[in-house]
Amino acid sequence: MLFFFFVFSFIVIISSLSVVFSSNPVHSVLFLIFTFFNTAVIFLLFNAEFLAMTLIIVYVGAVAVLFLFVVMMLNINDSLMKEGFLKYFPFGLLLICIFFGELYMIFESNVFITPSDIRISISELVDGGMDNTKSIGLFLYTDYFIVFQISGFLLLLAMIGAIVLAHNEKINTRYNSPIDQKILNKKDVIKLN
Amino acid sequence: MIEYIPILVFIVFALIFSVGAFSLSILVGKKAYYPEKMSTYECGFEPFDESRGKFEVKFYLVAILFIIFDLEIIFLFPWAVAFYEIGLFGYLSMIFFLVVLTIGFVYEWLKGALDWN
Amino acid sequence: MIIIPEIFLSIGFLLILFITPFIKINAHVKVGYFTLLIIFLTQFFVLKDIFLFEEIFNGFFVIDSFGSFLKSIILISAGLVIYFYLIIKNEKSLLRPEFSLVILISIIGMMLMVSANNLLSLFLSMELQSLALYILVSFSREDINSSEAGVKYFVIGSLSTCIFLFGSSLIYGLVGSTDFSNISQFMSDQYSIPIMLIVGLIFILVSLSLKISAAPFHMWTPDVYQGAPTIVTTFLSTAPKVAVFAVLIRLLVFPFGEIIVDWGKIVIILSISSMIIGSLGALKQTDLKRLMAYSTINHIGFIMMGLVPGSEDGITAISIYLIFYLTMNLGAFLVILNMQRDQINVTSIKDLSGLYKNEPILAACFAVILFSMAGIPPLAGFIGKLLILNIVIDNNLFFLAIIAVLTSVIAAFYYIRLVKSIFFDPPVHDLDNFSNSQSKFLLSILSLFNLTVILYPQFFLNLCASITLSLFALK
């Protein structure tokens, strides 16, 4: 198990680095999809089957497609993106060093929760014969009801936002709306003799 | 975990096969490059402009609406699996969630965001 | 039976959303007035239960008087912004019914933020609020600046979200719960606070500073303020700041109150740098909206000082300052909103010159608000500054007080430069007339409030002191 974890997390790290460093944005998206797949495998290794499948369906199936659209839409010029990279590189490196230093300090002290402290222990539920999806279902719609509803509103807002920002109400094409034709009164029509 | 072993075996075989096929064709195949062969092929003409043309924003709208409904369906899965255990409250909670998103759906329908003209 | 205002607001939102497509003529005005009605009714529900204390939804949210009070402030300022939107001449692309709707849903997010009692619910409500703000900033589609500002805001905002999630995951990994009371319990059980918790808190603080535009995380503020449509900038600089301050106060005072030694230093650094950058950065600005952005940063730094002692008086002073800040900002933006040339909003400082010759009363009102922002006695801004400085000096933070006074003096310079330009510079005659009587009336009320607050400061002190008590009841 641990062996597989290390293999797949190594692949995740390499492929996510490739997302950042590959010069062609389309390649970046493809590497991103590869990263998603490997992350899904890591989720599987920890018995989080639902998350793994969600990652594949939502992220690979929908989000990555959207990313491809955006890459196509933006028409990114590769050479312009590289500009300024060297200028900011030392600063970025410094930030990375600080960040990893902090992480090292945190994980060196080795204080992690024991499973008994957790409010809802998924692993206990899974051991008790529930599968992962079911144990999520047991809590998401009851105990975590309000959080679930807020996420519903988030989706609704995303819908409104997409329409506000991307939908053109003015129709410039020569298109006859069937509804307009249906509600047309006889007296409004010009008769051609 | 055991039930995923076939997938692992499948991945390993796919990897061996694809890497093998590629490397064999590189190693064994005959290579003859000449300028005509390497030039871009597009119905016999030189390409007019960049292949990465701009999309219209309409496609983006459809894609993002697809993601939203995709997520809505994802939320239905655990609900369906745990349907008998969560009782009336869980049922109503999902109904409210669906009502919220259906109002959004009606809104976008009436706005004409789903029309394609 | 309590009716939770957020639920009422959400159902009202759904109703309006449902009827919006059916309204064909003047939809943005009608939807705007519907929204105002809903906000007004919600205000009633908020005030009805203001002295209630209860954990709701399995402890995900808490109703207390501190939260209810700030919620009512948020509702008032958002209602005023929608009213501004209705009474002024807007760009054509803003005249869509979705504008008020998106503001309404961002208010829902803010109100949930104010009462969040769990990192998970806090995160989701913060997302609801920020997503609405991203949409608002890029609302005017024909304007390339608006889209640019939207993208900038979105990128910075998602960075802030990532940082928040990372911090919360560290805290969750340590405590095993995202509930504020469990986090607080965990800390009181420990001998020494593990470093992981502190690092997690630092990440959350950074993320909130990005949201509130405290320096050194302020870099997006001037660009976004300038690029966004002015009415959106008005909203951006008022209600969300109150909501994020509520979150900061709740988070720092209650679950993380034990490690005040650790976060106190960070808050001091944030407030000092915000005050310095806010006062120095504004000096060379030629655009009023950019100037207001730096002014906001300066004010935010000043307000943050009140948080340093983590005491009741400090939070009382913050609440009072927030009220005054809102009145000043709304007043100033009301003038900027009305500055139009050929129906197009102009925001250059040069356009203000000689305003006094054309519109004496309006110029006087604006001058009062600017003086109040500068903290000239006896105006409201001065009282707010005095209260916060009082707290700082009481806690023997003399260097902080000195820096605050120095930066206030520098900041006063650019406000007074504006006043000079209004009164003594040769007038430009090509601006449209400020013919709008409603905005004149509102502006005079706001400036009158700033003028007369000195007569009844005790009212605000008592009100805010009784409100903040509930925050410390849990300890």
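The chains carry the letters A, B and C, assigned in the order they are written, with residues numbered from 1 in each.
Keep this in mind: a contact is a pair of C-beta atoms (placed from the backbone, for glycine too) under 8 Å apart; a residue touches a chain by one contact, two chains touch by 3 or more.
Everything numeric in this text was worked out from a predicted model, so none of it was measured.
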item: Farthest-lying chain, centroid of Cα atoms versus that of chain B; value: C
item: Pair of chains joined by more contacts [C-beta pairs], B-C or A-B; value: A-B
item: Whole-Å gap separating chain A and chain C, where each centre is the average of the chain's CA atoms; value: 30
item: Centroid distance [mean C-alpha coordinates] between chain B and chain A, Å; value: 12
item: Distance from the mean Cα position of chain C to that of chain B, given in whole angstrom; value: 40
item: Multi-chain contact sites of chain B, meaning residues that touch two or more partners; value: 100, 103-104, 107, 111
item: Of all residues in chain C, the ones touching two or more other chains; value: 17
item: Sites on chain A at which at least two other chains make contact; value: 145, 151, 153, 156, 158, 160, 163
item: Contact footprint of chain B on chain A as seen in their complex; value: 1, 44-45, 47, 50, 54, 57-58, 61-63, 65-66, 69-70, 72-73, 75, 131, 133-138, 140-142, 145, 148-149, 151-153, 155-156, 158-160, 162-163, 166-169, 171, 173, 175
item: Chain B to chain A touching residues, read off their complex; value: 1, 4, 50, 52-55, 57-61, 63-68, 70-72, 74-75, 77-83, 85-87, 89-90, 93-94, 96-97, 100-101, 103-105, 107-108, 111-113, 117
item: Chain C contact footprint on chain A (complex, rising order); value: 102, 105-106, 109, 111-113, 117-119, 143-147, 150-151, 153-154, 156-158, 160-161, 163-165
item: Residue ranges of chain C in contact with chain B within the complex; value: 14, 17-18, 20-22
item: Residues of chain B defined as touching chain C within the complex; value: 99-100, 103-104, 106-107, 110-111
